[in-house]
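See structure below.
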Amino acid sequence: MVESIRRGVSETARLEAFSDGVFAIAITLLVLDIKVPESALHALWKGIADAWPAYLAYVTSFLAIGAVWMQHHGLFSCMRLVDATVMRLNLGLLLTVSFLPFPTGLMAAAITTSRASERAAVVLYGATLIAVNGLLGAMWRYVATHRKLLHSDVTESVFASVERRQIPRVGLFGAATVVGVLLLPRLAVFGFLAVALESVVLARGDRQPGRIEHREP
Amino acid sequence: MVESIRRGVSETARLEAFSDGVFAIAITLLVLDIKVPESALHALWKGIADAWPAYLAYVTSFLAIGAVWMQHHGLFSCMRLVDATVMRLNLGLLLTVSFLPFPTGLMAAAITTSRASERAAVVLYGATLIAVNGLLGAMWRYVATHRKLLHSDVTESVFASVERRQIPRVGLFGAATVVGVLLLPRLAVFGFLAVALESVVLARGDRQPGRIEHREP
Amino acid sequence: MVESIRRGVSETARLEAFSDGVFAIAITLLVLDIKVPESALHALWKGIADAWPAYLAYVTSFLAIGAVWMQHHGLFSCMRLVDATVMRLNLGLLLTVSFLPFPTGLMAAAITTSRASERAAVVLYGATLIAVNGLLGAMWRYVATHRKLLHSDVTESVFASVERRQIPRVGLFGAATVVGVLLLPRLAVFGFLAVALESVVLARGDRQPGRIEHREP
Amino acid sequence: MVESIRRGVSETARLEAFSDGVFAIAITLLVLDIKVPESALHALWKGIADAWPAYLAYVTSFLAIGAVWMQHHGLFSCMRLVDATVMRLNLGLLLTVSFLPFPTGLMAAAITTSRASERAAVVLYGATLIAVNGLLGAMWRYVATHRKLLHSDVTESVFASVERRQIPRVGLFGAATVVGVLLLPRLAVFGFLAVALESVVLARGDRQPGRIEHREP
C-alpha cells in the first residue's frame, strides 16, 4: 500500500466500479427523455409513432455509451494500475458521457422543429461524441506510453493491435457532423446511429488480434 | 490476460457489475412515474387512490425486472467467461430493460384514458417485455451452445434442466398481450402482473434441478 | 457451482451489489423532490426557506434508507449464502425502499396544504416505512432459522444479540404514524425523523454485542 | 467474522461500493438540470448559448464531486477496516453530496434572475460545499486518530503527509462564498469552479508524499 502511495499509483478496481456506475446511470437516464405529450394520450398509436425521434436518439446514445463502456472495459482489462493522470482523463471522459443525455434530448426535440434547429442540435451532439471518443483515445494513448500501468504480459504489439482496432470513432463522428452541417442534418442523425452500431459490433475490449484458433485451456 | 485477449473472452465480473447497475437504476427510476397531480393535494386520499394504475404498473415492472435480474444472476453463476457475442446480447438486453420505464408510464397514464389508448399502451408494454425475455432466452441458448464459457463443472444436463425451468416468459407475456388486443386491455395488465409474479416466485438462478436432499457441506 | 445449484443457494456478493445499487439510487433520487418554484426565484431567500418541508422529508428518508442499508450490511456480513427465499424477501425490501421517494415527495407537498392532506400523506409514508422495516425484520428472522446461510463462526447467541439490537423500527414507526392520525400529523413527521436518526446512531451491522475490549489483532 | 462483530468493525469493500454508487448517481443526475426551454427550440443556437449558467454549474459540481470521490478513494486505500463512526460520518458525507444537485440547479437558475437571488443561491451552494468538505475532513481526522482502521504499513507520517496535501477545500470554498456575499456573487461562482478544478488537479488519493523516483517493481 505504502509502496503504491509512494509510486503514485493504485489498483484499478474502484475506478472501474465508479466508472461503471456513471456509465450505467447515464445510459439509463436516456429513457427519461422519451415522452408522449398528455394531449396525445387519446390517440396513443399516433402519439407513440410521433415520438420516433426520441427512440432514434435513445438507441443512438445507448449504443454510443455501450461502445464506450466496451472499450473502457477492454482498456482496463489490460491495466494493472492507475495513476493520477488516468484518474483525471477518466473523470473528463465521465463528464462528457454523463453530459450526453442533454444533447440527446435536444436532438430528439429539434428534429421536428426546423432544419436550422436540427443543425444546431446535431452539431452539439456530434461535438459531445467527439469529445467522449477523443478523451477515450487520449486514455489509450497515455496508457500505451506508460507501460508500468499495464499487466506485465501485455506486450506492446498486443496492445497496439488492440488499440488500432479500437481506435476511437472521432473521425467517423466528425464526418457525420460535417455531413449534418453541409448537407442534411437528419442524415447526420442516422450517421451517428450507424457509427454507434458499428462501434458495438466491431469494437470491443478483448478482441483477438489475429487469427488464432480457439483451444480449450 | 494476453491469453484471454487472444481467445476473445474475458471474465464475467465487470459485465455483471455494469448490468447490475443498469438493472438497479431502471428498477428504481420506475417510481418517478408515480405522481399525484397538484390539484389532488387538497383531497389527498382520493388523489392517492386515483393513482392506482401507477402502482399497478410500478409493481408489475418492478417484478418483471427483478425476475430478469434473478435469471441473469442464475445464468452468470454458471459462466466462467464472456465473449463478444454475450456482450452484445447483454447490451441489447440492457437496452430493452432500461426502455421499460417508458411503456410503464404510458400504460399507467393510458388506463384511465380510453380503451383504444389502453390497448396501444398494452401492446407496446407487452412487446417490450417480449423483447426483454426473448433476448434473455437468446443469451441462455447461446451460452448453452458455447460450453467454453461455462464453468467446467456445469454439465450439459444440469444447464439444460436449469434452462428449462427458466425458459423466458416470452410465451406467457405474448399470450397476455393477445388477450389485451382481442379481449379487454385491462385484463392484459393484470396478466402481465401475474406472469411477473410467477417469474419471481418460480424462476431463479440457482434452482435445484431435481429432488436433492439438502446436506450440510 | 453445481453443488450450490443442487443445494439451491448461491453466494451473497451479487445480491449485495444489486441491493447497494438500489439503495444508492433511491437515496440519491430523493433530492429531485426538492424544488423552488420559478416564481420564487426573485425572492430566493424566502423561496429557499419555504422549501423546509422538502428538506425535512429529504433528511428523514435519507436517514431511514441509510439505516436500512446499515442493517442490511450487518445482516449480510453474517451470511455466507443466499437462497431463493432470501432473494424474494430482498426483492420485496427493495420494492418498498425504491417506492419511498413517492410518499416522501407527497409528504413534503402536503405539509403546507391542509391538515387532512398531511394526515393522508403521513399515513402513506408511515405505512411504507413499516413495510420496509417489516421486510427487513422478516429477513433477519428467516436467516436466523436457516443456519446453513450463516458463516460457520456466527453462533446463535451472537446472531440473536445482534438481531435484538437491530430489531426493525416497525413499532416506533407505527407509533409515530398513530400519533399523526390521532393527534397532530406534523408531530408524526418529526417522529419519523427522530426514529430514523435513532436508527442510524444506534443500529448497525457490526455492533459489538457486549463489553469487549478492543484488542489489536 | 465474529471477531470483527466483537471488535465493532467491518471491511471497507461494501461501504466503498455503496459510496461509489451515491457519488456516481449524484454526479450523473446533475445533467437533468440543464434544459433549453421549449420556446427556444426555434432559435436553438441562442437557446444553447443562453444555457451557459447551467453548463458552468454542471462542470463546477461535477468537478467538486469528482474531487471528493478522489479523496474518498485515497482515504479508503489507506484503510483496512471501518467502524460505526466512519459509517455515520460517511452517511453524512453522502447526504450532503447527494443534496448538491439542488443548490446546483438553483445557482444556475438564479444567475440570470437578480443579484440578490444570485447571492442567496451562491451562499446555499457554498454552504453545501463547505459541509461536504468539512465532513470529508472530519473523516480523515477521525481515521488518523484511530490507527486500528489503517493498513498496518501506513505510518503516521505517510498518512499525515497525504492528509496535508488533501486538506479539504473548506477554507477556499468559504473564501469564495464570502467574496460572493461581499462583492460580486458571480465572482463566487467562478471561484467555486477554480477551487473544484484545483482539487481535481492537485488533490488525489495516492499522491506520492515526496520526491521518490518511480522504479519498476
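In order of appearance the chains are A, B, C and D, and numbering begins at 1 in each one.
By our rule, a residue touches a chain if its C-beta (ideal position, glycine included) is under 8 Å from a C-beta of that chain, and two chains touch if they have at least 3 such contacts.
Quick caveat: nothing in here was measured; it's all calculated off a predicted structure.
Enquirer: Report same or different for the chain B and chain C interface, where same means the shared residue numbers exceed half of all residue numbers found there.
Expert: Different residues, largely: of all residue numbers at this interface, under half are found in both copies.
Enquirer: So, comparing C-alpha centroids, which chain is the farthest one from chain B?
Expert: D
Enquirer: Overlay chain A and chain C by their C-alpha atoms and let me know the rotation angle in degrees, rounded to the nearest 5.
Expert: My answer is 180 degrees for the C-alpha fit.
Enquirer: How many angstrom lie between the CA centroids of chain B and chain D, rounded to a whole number?
Expert: Taking the average C-alpha coordinate of chain B and of chain D, the gap between them is 36 Å.
Enquirer: Take the average of all CA coordinates in chain C, do the same for chain D, and state the distance between these two points in whole angstrom.
Expert: Roughly 25 Å separates the two chain centres.
Enquirer: By residue number and range, which residues of chain B touch two or more other chains?
Expert: 17, 21, 24-25, 29, 32 - these are the residues of chain B that touch more than one other chain.
Enquirer: What part of chain B is in contact with chain A in the complex they form?
Expert: Spelled out, the residues of chain B in touch with chain A are 1-10, 14-15, 17-18, 21-22, 24-26, 29, 32, 83-84, 87-88, 91, 94-95, 98-99, 101-102, 106, 109-110, 113-114, 116-117, 120-121, 124, 148.
Enquirer: For the complex, which residues does chain C have touching chain D?
Expert: Touching chain D from chain C are residues 16-17, 20-21, 23-25, 27-32, 34, 36, 38, 41-45, 48, 58-59, 62-63, 66, 69-70, 73, 76-78, 151, 153-155, 158, 162, 200-201, 204-209, 212, 214-217.
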